[in-house]
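In this document, chain identifiers A, B, C, D and E correspond to the written order of the chains, with residue numbering beginning at 1 in each.
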Amino acid sequence: MNEKQINRLAGIGLLVIAFGLPLVVRSATYLHIVVLLYFYAYLTTSWNLVGGFAGVLPLGHAAFVGIGAYTSTILSLQYGISPWLGMLVGGVIATIVGVLIGLPTFKMRGAYFALATIAFAEGIRVIVENVDYIGPLKVNGPRGLQIPPLETGLVNYMFASKEPYYYIILVMLLLVLFLTWFISRSKLGYYLNAGGEEPEAAMALGINVARAKLIAMAMSSFLTALAGTFYAQFSLYIHPKSIISLDLSFEIAFIALIGGRGSIAGPILGALLLRPVGDFSRIYFGDTLPGMHLIIFGLVLILVMHYQPRGLQEPLTRLYKSLVARLIGKTTGGGQEHGIARS
Amino acid sequence: MLYIIEDTINGILMGSIYGLTAMGLTIIFGVLKVINFAHGSMLMVGMYVTYWAVTLTGINPYLAIVIVAPVMFFFGYYLQDIVIKPIFIAEKNVREPITVIIVTTGIWYILDNLTLLIFGPQYRSLADNPWRSKMLEFGDLFISVPKLYGCIIAIVTAAAIYWFFQKTSMGRAIRATSMDREAASLQGINQYKIYNLAFGIGSATAGIAAVTLVPFNNVFPTVGVLFDIKGFIIVVLGGLGSIGGALVGGIIVGLIESVGPQFMTATWTEAIVYGLFLVVLFVKPSGLFGQKHDW
Amino acid sequence: MPLLDIDKIDVAYGDVQVIFELSLKVEKGEVVSIIGGNGAGKSTLLRAISGLMPVKAGSITFANDKIDKEPPENIVTKGIVHVPEGRRLFPLMSVKDNLMVGAFNKRAREQAGETLKKVYELLPRLAERESQLAMTLSGGEQQMVAIGRGLMALPNILMLDEPSLGLAPILIKGIFETVRKIADQGTTVLMVEQDVKHSLSLSDRGYVLEHGRVVMEGKAADLIDDPHVKEAYLGI
Amino acid sequence: MALLVVKDMTKQFGGLRAVDSLNLQIEEGQIFGLIGPNGAGKSTAFNCIAGLFPPTAGEITFDGKNINGSKPWDLCKQGLARTFQIVKPFGSKSVLYNVTVGSFATTNSRSEAEAKALKVLEYLNFADKKDILAANLTIADRKRLEIAKALATEPKLLLLDEVMAGLRPNEVDEMVEILKNLRNRGITIFVIEHIMRAIMALSDRIVVIQFGKKIAEGTPDEIANNEKVIKAYLGEDYAVA
Amino acid sequence: ENVKIGNIIPLSGPSATVGQQGKNAREMAIEEINAAGGIKSLGGAKLELVFADSESKPEKGVAEAERLINTEKVNVLTGCWNSAVTYPTTAVAERYGIPFVVPVSVSDKITDQGFKTVFRIAAKDSWWTRDQFSFLKDMQEEFGTKVEKIAFVYENGDWGKGFAGQWKELAEKGGYQVVLDEPYPSTATDLSPVVQKIKRSRADVLMLVSNAADAILLTNTLAEYKVNLKAIIASGGGHADPSFLKAAGKSAQYLFDIVEWETDVNKPGAKEANEKYNAKYGQNLTGEAVDAYVAMYVLKDALERAASLDPAKIREALAATNLSDGPGMIVGYDSIKFDATGQNENASLVMVQVNDTGKGLERITIWPKSARRAGYTPVFPMPEK
């Protein structure tokens, strides 16, 4: 057996596990937790197109989640338009907003960019909280929108059990993973990486860095908005404070950084660690020691960064490679590359 | 007309206090190149220290600075030394180690919730605080005394810090480290000590800001969050790393918040702040007083 | 007992070893040149001495003190001052502030005022540009600031990494003259240079480094005449 | 035919006139040298030509087209490539990746781009280091990487800013050979260099500037014996080694 | 077998103070119930509380409801104090058919969704606002002072917006002139601009909906700027928070606040319950805590009658509730009874005034007149400053 075959086998194994999970995990609670885990992995992967490849740190992606959720929900509540269609409309609107955000902010560097995206997202939240109607559309300001139970089924994007949601988000996640993998190996991926690391040098090599970043931003905001619709249909309630929140924006970015920024597996690894830590610590301590779960969450963030400042992906890849090497009985040389990572 | 004057004065006073709450953020960024997401929490800790210092010893709330500033300095110093420094050592070659912001966020969660666990969720304010409702009255024009003190303290603090950075040997060493960690170490500067120091100074200014806030504000575990985002806006508006910029940024935000409601509901002024923020950045991506080369 | 005694050190970037069992000595008052092709490990050697790089094996002794585990700032305090490759000035600080930072260590701080005068005497160009931001200086001026900043620390040994790199021919001579003056005033100098002709001609001794190993050492005058050196480093 | 014509180009930084009414003309197939004291404005002139920032005044014509204020990426597509004096590698990526970024300028396919990049690396005797992270290269290798990246874009005109600083004399000679070969393959080269060994051996024509102004122009021989140049730049005891 | 009661309340985050109270009150109630023999019809089954922290965040509330139902297998749910959290969370319970008792969360729409499983003990916001206006009318008559201009100032959230909507209608009906209608963010760090607007509006009466931090800040700032008003009428929540009086101190004097219950209520057992609570937790019971406390007794009563843990049976029993006496029934009105929407149709409110009668500032019940503390005369209008 050679390395390629092992990789393929491992991939198929993971897929089988992912698709078979609901057959084993019967508890709706745990399935709920896993659905949200995938949801975050999906968001982070979409985020990665900008935050990972383009080398900037957006901290306002919750705005796109909000745009997606609000668009499809308003269209479905007021005009009976299927959320599936609304999802695409939301994606398009988010893309436009994303590009509008990108135009001024991509001129900024480092911390300025990060903080400017926070301001953008917060600005959108404040606007949503302040308007009850946009023309005929009922946004309902700070009171949020509730989706009343409709007939369940694929068309209404509403189901009685968790399993359909599970498979929808799983497929979405796989698609977006494939897309990022594909992009990372394409001209756009090279251009984004180069432009993110040394913009001046990249320009001299024929790269319109701003345009490459805008393309990435457009794709990222489109994909992120799709998940917004999913979230709205899954939780049946959207509220500006929770869906366009800093918490959500931060968590997306943190999952990426904890998992390994700019890598394909990073978002999944990050979500696999952070989501359960968040959920289970709240379950165990939420009632007896209020706040304890956030202390634990904070500690985990700090500890991971202390021991793996580049994220979990690096050591785990190494581990996997050495496992594979042992399997095929070949000793791989150390030869670990060292280098200056970008900030 | 009188209204405008009154609101403008309030905006400037409150704004300079905002500037003071954000000053530590800009100092820490200037040196460590790190956004300290725990800055609001440092402010909160400072408010608790002030509250207890005044409640237990009964000293004048403004005199509490002599207790709070040093306590917060050491708190920040050792927090950086123990929790953040290892990351800097691990990421020697990175100029702006982004991983540190995760750590500072972790500190934020921990501090806020540890406070909740220890002191409970109660809202506290100084009992029989003589400054609480002190106002200067000029006919119909009211000026809040605690805010006026806050403004003066903010300006004095900013001037002192500026002087320290420009004119002292340690200040120069701090500036040098902020530009090139490695080259600074070749001048005999212990970069990690400088980082501790900068973090300590940043925390001490949060402590001073806390002292100005406690006489007219509530103390509770999540109070820092209220000042967090405002702080980010302020420092970016003023230019990251610029002390005077923080003050000016704070005053701009204070003015919008104070004068804006004459023309719209208070909830919209927030949106105006964000809007203005983005316009400024669009025109001047490094903020009003930011260094172009050394963002 | 040599002032600086490097004994069989190994230095590596992660898993990649670039210096192998390297030994080198510098006596008090000497000017010693290290020459070698690019990638030979010259800069790495200086970085190891000044504490920027960990030493994996072997030892470095300075004035009877073992210094190979010390952090850079302590090494500066002891008197070894490294003027790094690429100048590494503090771009947003004035020339004067750059120089003053050089005198940060305790030993130098007290005499900073006098040292500054001396540095201005040695490099009068800097006095003219005292308040200009380092960022806006030309390459040659920047190099002078870097050397001046090194001198401000009152070094026992001044280590220079390629001081002539990227300078106009007319300035190169000036830089080497400056180095000579510094040495004449009693400072020990350890210098890495590509401009072998100039550097060896003002040095007492030299080492030739290749692939992280010393392949030749001796009197500077002898090295200049060595056929291998002539061919590889002088291009004759 | 003149490939690059610079007419009365001026670049002002605040109060400082870094380039002052500079005129030069580079013929197709030439190797053209630009020298001058540190801070004379050489890199600034390059930056204006390469579109990093527009000149304050003057006119730049490349390949018959006015390129004042054109963006660097467009210039690159038109066949004008440059290296940076302060090297800017994509440090977290391998050498091959770095060069592939350049060769994407002429193709959209990754395999094709990689193949082109490999060819460039081989040409520069650099292929053995293709898998090394760019951040781990020595300065000299980073300079070589700068050339490789620029070459990969398949330029007509190559602007080289001090790519030989830090090379040993025999390596300088090797690089001179490489550049001459490039010229023989039809690439026009415009080079800034302080190493006289290289510039004299290489250039067909040299311009010398000081304080942003041209003080001399001519063949290497003429320049080496020009009083003004000796006084401002070469120094009295200069001799072509 | 025990009866598991899931409770989703804000134990951390900005409303942690009230969450803590709600937790205490519930614990005190089930201690009493269990000590008295538990649910007799279920063989003396004990009540067991499971708490979950909502952090005042709707999405956390929803997630916790899912978990409590699916994993903890709770038999009933209660919560969530913040209307914004309760609203979506009740929808989860409805989907699973699990009965959900809402002690207090006032937004009308919680019981207007047509849900079968939701039962609210507290009054809803249309009643709160209705009573605020009746109170205002009664006061004008009693003291012969005319009120014309009203200012509305409220937190910009589900709760505040809900109140403001009702107020506007009521003001129109009552012939008042609305001189200010101002939402503000609860996260504000300086409320003097809002206070200036109040002052400049020259309103006679100010009506407020505030959370704790902003309630304290507003009250202090109003005092600082010497805003002359005939009355300030608050809406519980932040103004009823146990830390409010301590932190606002003198500035809170003469404030009117509408609540469900006050310590001086004239009801058997109320005084004892409050003393017990105070001894245990060092605070007085508040209206909102009492709702939580009573909710446990309502559940106990329903469980006794259901004699089953089947959610459908419990739901039916809850729907048939008519609890008028027995231990724990310390509310100000006679009985608890749910209408078709699940709203407690008897829920009534009282108005208190903050004043100092010699024992420091306290909350004194003044309205309806029948409930007024003996010997106390309300201060209306407020004295000029």
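As a working rule, a contact is a pair of C-beta atoms (placed from the backbone, for glycine too) under 8 Å apart; a residue touches a chain by one contact, two chains touch by 3 or more.
Composition by chain, UniProt nomenclature: A, B = Branched-chain amino acid transport system permease protein; C, D = Branched-chain amino acid transport system ATP-binding protein.
Source: prediction; values computed, not measured.
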item: Minimum number of chain-to-chain touching steps separating chain B from chain D; value: 2
item: Any chain that touches chain E and chain B; value: A
item: Taking each chain's C-alpha mean as its centre, the one farthest from chain D; value: E
item: Which of A-B and C-D has more C-beta contact pairs; value: A-B
item: Interchain centroid distance [CA atoms averaged], chain B/chain C, Å; value: 42
item: Whole-Å gap separating chain D and chain E, where each centre is the average of the chain's CA atoms; value: 76
item: Rounded Å distance, chain A centre to chain E centre (Cα mean); value: 39
item: Chain A-chain C separation of Cα centroids, rounded to whole Å; value: 50
item: Of all residues in chain B, the ones touching two or more other chains; value: 93, 113, 116, 121, 221, 265, 267, 270
item: Where chain A touches two or more other chains at once, by residue number; value: 129-130, 290-291, 294, 338, 340-342
item: Chain D: positions in contact with at least two other chains; value: 135-136
item: Touch list for chain A against partner chain E, complex; value: 27-30, 32, 36, 129-130, 141-144, 146, 148-149, 160, 235-237, 239, 241-243, 247, 279, 282-283, 286-288, 290-291, 293-294
item: Residue ranges of chain B in contact with chain A within the complex; value: 29, 33, 35, 83, 86-87, 90-91, 93-103, 105-110, 112-114, 116-117, 121, 221, 229, 232-233, 235-236, 240, 265, 267-268, 270-271, 274-275, 277-278, 281-282, 285-287, 290, 295
item: Chain D-facing residues of chain C, complex; value: 13, 16, 37-39, 85, 136-141, 162, 165-173, 194, 197, 231-236
item: Interface residues, chain D side, partner chain C - complex; value: 16, 35-40, 85, 136, 138-141, 162, 165-173, 194, 196-197, 232-235, 237-238, 241
item: Touch list for chain E against partner chain A, complex; value: 11-12, 16, 19-20, 50-53, 57-60, 62-64, 66-67, 69-71, 84, 87-88, 91, 94-95, 113, 156-158, 161-162, 185
